[in-house]
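The data blocks that follow each hold one structure.
Next come two complexes, and both contain chain A; in the first it sits with chain B, in the second with chain C.
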Partner chain A sequence: MKTYERAFWPFLLPALLVYTLLFVAPSLFGIWVSFTRWSGPGSEMAWRGLDNYVALLHNEVFATAFTNTFVMAIVGGALIFGFTFLSMVVLRQLKGRAFIRAVVFLPMVISIIAIGAAVGFLLNPEGAVNTVLEWSGLDPQPWLGPEMVFRCIVGGLVWSSTGFYVALMMSAADAIPAHVYEDAQLIGATKWEQFRHITLPLTWDVFAVSAVLWVVGSLKIFDIVLAFTTAGTAAAPPIPARTIAVQQFIVVKGAGLPDLGSAAAMGVMTLLVTAVLIVLTRRITRRDRVELS
Partner chain B sequence: MRKLTVVLLIGALGLAACGKKNSGESAQQSLSYRSSWGAAEPQAKIIKTIFDDFAKETGTKVDVKFVGRTGNENLNAEMASGQGPDLFDTTTGDIDTLTAQQLIGPMDDLENTQIPGEGKTVKEVLPEPVRRASSGKNGLAYVPHTIISTAVWYNAAEHPGLNPQTWEEFIAFLDESKKAGRTPIGQDGTIAFYNVFWFYSLLVGANGAGSLAELAKDPANWDKPQVLDTAEKVEQLAKGGYFQRDFMATKFPAAQNAWAQGKYDLNINGTWLASEVQPQLAPGFKVASFQMPAGGKRSIEVGTLGWAVNAKGKNVATAKKFLAFALQKKYMEQFSTVALNISSRGDVPAPAHMADVQKAVLEAKETHLSYDYAGADKTWWGDMFLPLNDRLLSGKIDATAFVREGKKRTAQHLATG
Partner chain C sequence: MRRLIGDILLPRATAVALWAWVAFNLALIAWVGIQSLKESGEVWLNPFALPETPRWDNFSSAWQAAEFSAAAMNSVVLTLFGSVLIVAVSAPAAYVLARSSRRVAGPAVNYFAIGLSIPIQTILVPIVVIKLSVYTFMEDWVTGWWDNRITLLVFQVALSVPFAVFVLTGYMRSLPHEIEEAAEIDGAGPLRAFVQVIMPVARPGLTTVFVLNVMGLWNETLLALLIAPLPEERNLPAALLGLYSSMQYSSDWGGMFAGIVILVYPMIVLYIWLGRRIVDGMTAGISR
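Right, the complex of A and B next:
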């Protein structure tokens, strides 16, 4: 016991120092900045108390960004995991499933710059999608206009993220021994029943982790919004397409003085929301672990 | 406990070693520059030549890096902490930020410095509107090499000498184009700061510097008749069906490229347009421009791009010496002949397609800064004004609603700001 105690500090301290210096201190500093008006190093910092937060609560644009972020987390999440579960039902015994999995995963690998370029080519008023619609006698749509762009971004997000979760969940499903399914088939279980009673319970842990990963990631969604809107320019994405992270970027990087106080306040609010959502997600996904004996 | 002391000591030594790096001074003059131009851009090649010549003639050790637009995001923070290059790129729109962060210092000594071999001072070769566009509240903020402005662009091979002098003449051209089955205007409508070119050029062109920026400062300014009048003109454009189909859903740069291909007659844009669409230009296309026929004061936009001296850099004096050196005519000419832009020197002719703009700038009795500097209040500009203008230009609201909403929201913004 004595030796343990002696070794405790020398081993812990370097990590603790690095962690405090590079993470805890900057985080606390960020919280401090959220109570000030500040344009960055070199400029004067003025105390504002809760004014940054109050201004955000009154700001309609921030409200839109906030709602959009939530919709992405929840609707996007539902679609992604819906597709993931569906592919687990369909793909499990399919021949060439490794290939299909690779294809589904591919969008994850494509650079967001390339996606941005492709979006213009596909979804512009004179783009490929509208051209096909016109050939088939349907009306072309203003995909990237203020009314539809957000839905297109959610679609793009689902397209680019689903592969990751399919890969994650399928690898967990692959670990389930084949004889369990053989038994189920013998007693006449349908594919859906096999999924419901075997695959899902036995991969639930991985799903719980995936759900948390998705929630954390979705609250930081940024680059895909730019890819669908103003990529290649210094312009701010249109309001209907903005997320919290995009709004944060705009107040720091857009025209005029950076407003780090407001950006930090957005960060603190996101942090709080993330914490609440993670607790909720963990609650919803909490089950007793199922183990094969 | 002794071990704890050892660990702390090692940590402290490590930090001390990190800090040591900058304290070394060398006898030889040196100068560093980190550029927001990409190495392949013509500007980068010109700037590289100037640095090479400067190194050769003065024996200065130069360290020049071209990192491009996206490689310089942390530049301001770096410079504020005493790191960062001696020289960097900047534009009119950044002056306030740099001044507030105390990253740029006084330049009046440089203004009176002689340009090598020319017998003229820096101040003498830069026309007054150009100096004004490169100055902040403490005077000259940086040394400009390029003038930027806004104009309506067209193909002079198709419409030789097009230059409507009044709003009515302008609308007549649009109607005639439409009647002939063409699309009068191509607009990349997803870019809000391109959409606002119409309102901004008309309002500030007619009423002069400050007439747009003042809308952010007092809701009462929205009641001035010129605001409604300008909004009605933009409404007329929106309702007239002069833009391409679904232009608000057009992702940059589709519209400007299609314009360069001859699909649309006009495109309102900055002086960078011609070089951006160069590879797309249809054979025989002759790029030319006219100023928005705003009437009134006929104020012309003048913005600049240039080099700033990092006030916290180690070689401020050498950096200023370099700037006087770089302003030599033989180098500034290349910004026109090679980079195809308007050089900041009044005595260097612009490329043919920009002669109209240069003439407008040099002959202007009144000038204003890019976007009338209205973006300075970024929440007002980005969250309120640009989206409101988008709704006007896309025909979602009319001019009266635009003024009413603008006034109301400006009051709200100022109350909660």
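Right, the complex of A and C next:
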């Protein structure tokens, strides 16, 4: 009998147990808590049915957090993939393309908290960006104030995430043989047309996966909001900038007895929205597979 | 017209934008380094000038004042232990899942894949509850003490296992089948065969997954703030956030930039060293 058949269960069990006991089981417990009123171990747990969910639907702060998360997913996603597609038009032939791909990926390996602290310094009311604006005769802006910070966060998100999708899509585009493009050039296709009719159709599968990845990732956005709203003070992020994850964190860690039932309900709602969005994204990106004959 | 837009305007504008983006990334990283060597007043007044005299003591003051030494230690230990544990738990599982012809292998891979799309919010409340209960339970009944950093380590590992198993299973499938034969002839037990024969062959894939986890755990923020938020137990991102949020009172801007450098530069060095492999690992594991 082969080694891997003999060792099947002993090799599989540690991972299976860790994952089941510390990830799957807690998730199920979280679903249970979402139907109760509870403020943690030691306090009494009372069944509430769907009341937590109903209350959340009528909660304006949560509605804002929910909308914000959604806007980030849609607007951020449109910008990220827009830039990714544009990069793909030129990155195949551009001089220094390997270097460009390496450097635009860089934000992926850097802590977003560090980026927030550094960029927050520049965007401060009296920071360098406003100094430059004033100097050139423009009005300084309250970049990190409650009205504008959300747009700055989306900008930061697009800046830090696009490189990853460029890398992902370009690794698929690399596999397209050069002669296809040579033929296209012979019949006079422009670079944009080459992208539109060759690169995009042939990398569509990877785009479908990328879109799902982005959707799943965008619903968990947390760090970047803290990074951009901390700006020198320890106060909680302003409501217009909160995402679901941030709002949940505030409820769990906030002062007084935490409403864990409500926080758990937020988690379950995120799970449901994730599932719905995955199905939707799959449906939108579904297409007949294009293959080179 | 079509030529003008599709062949000249659009590609040229994109190329310029890409280079501007590259310049911005490089400038930002260099600028953070330069700022970290300035005196706090200089940081504010001349943010784009070179330091008058390099102030290396920003690092020693950040190291001491903001408890960055403890945070750096926590980060190093949590990151290294965590990444080793993740690979140690995931690699054997991925190996048997990739090779076995048992009927449970396919569903088991899918079961791990589900973990990739469960958002962390679903498990946020349970984690807090478990953290509190474990602390009380261990302190009252078992050891008489407990350290939240252990809880953090355990959850970091548990939440990273699905991705590691998923990527490594794909990788192990691509390995040639002949490698086991050497082990069979050798007559070694499964564990020895795995450590001595399979792991050396699978080393590139294992290294990639290890490094990806190093980067993920090093930058971990949400779990760290949730499980181990106290000054002596927090990791570097949490410590930097703490330092940043007290800037209004302390105004130690030089120290803050030193903190940013301590958090960011190790990962950049790692990226320069292993860059291609990191990008390939992240992208290959996902597009499979």
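Convention: the second predicted complex is superposed on the first by the 265 of 293 C-alpha atoms of A that agree within 3 Å, B and C clash if a C-alpha of one lies under 4 Å from a C-alpha of the other, contacts with A are read in each partner's own complex, and residues count from 1 in each chain.
Quick note on the criterion: a residue touches a chain if its C-beta (ideal position, glycine included) is under 8 Å from a C-beta of that chain, and two chains touch if they have at least 3 such contacts.
A quick note: this is a predicted structure, and the numbers were derived from the prediction, not measured.
Of the two partner chains, neither chain B nor chain C is touched by A:153.
In the superposition on chain A, contact of A:264 is made with chain C only, not with chain B. Ranking chain B and chain C by residues of chain A touched puts C first.
Once chain A of one complex is fitted onto chain A of the other, the partner contacts of A:14 extend to both chain B and chain C.
By the touch criterion defined above, A:211 lies against neither chain B nor chain C after alignment on the C-alpha atoms of chain A.
Of the two partner chains, neither chain B nor chain C is touched by A:173. Across the two superposed structures, the residue set of chain A contacted by chain B and also by chain C is 6, 10, 14, 40-41, 119-120, 230, 232-234, 253, 258. Chain A makes touch with chain C in their complex at residues 2-8, 10-12, 14-16, 18-19, 21-24, 26-27, 29-31, 33, 40-41, 86-87, 89-91, 94, 99-114, 116-122, 127-128, 164, 167-168, 171-172, 190-193, 205-206, 209, 213, 216, 219-220, 222-223, 226-227, 230-234, 244-245, 248-249, 252-253, 258, 260, 263-264, 266-268, 270-271, 274-275, 278.
Within the complex formed with chain A, the chain B residues making contact are 3-4, 7-8, 11, 73, 76-77, 79-81, 93, 96-97, 100-103, 189-194, 244-254, 258, 312, 371, 375-379, 381-384, 386-387, 390, 394, 412, 416-417.
If you check the complex, the residues on chain C that touch chain A are 2-3, 5-7, 10-11, 14-15, 17-19, 21-22, 25-26, 28-29, 31-32, 35, 47-48, 89-90, 92-97, 99-102, 108, 112, 115-130, 132-133, 136, 154-155, 157-159, 161-162, 165, 180, 183-184, 190-191, 193-194, 215, 218-219, 221-222, 225-226, 229, 236-237, 240-241, 244-248, 253, 256-257, 259-260, 263-264, 267-268, 270-271, 275-276, 278-280, 282-284, 286-287. Looking at the complex, you find that chain A touches chain B at residues 6, 9-10, 13-14, 17, 39-43, 54-55, 58-61, 119-120, 123-126, 140, 142-146, 148-149, 229-230, 232-236, 238-239, 250-251, 253-259, 262.
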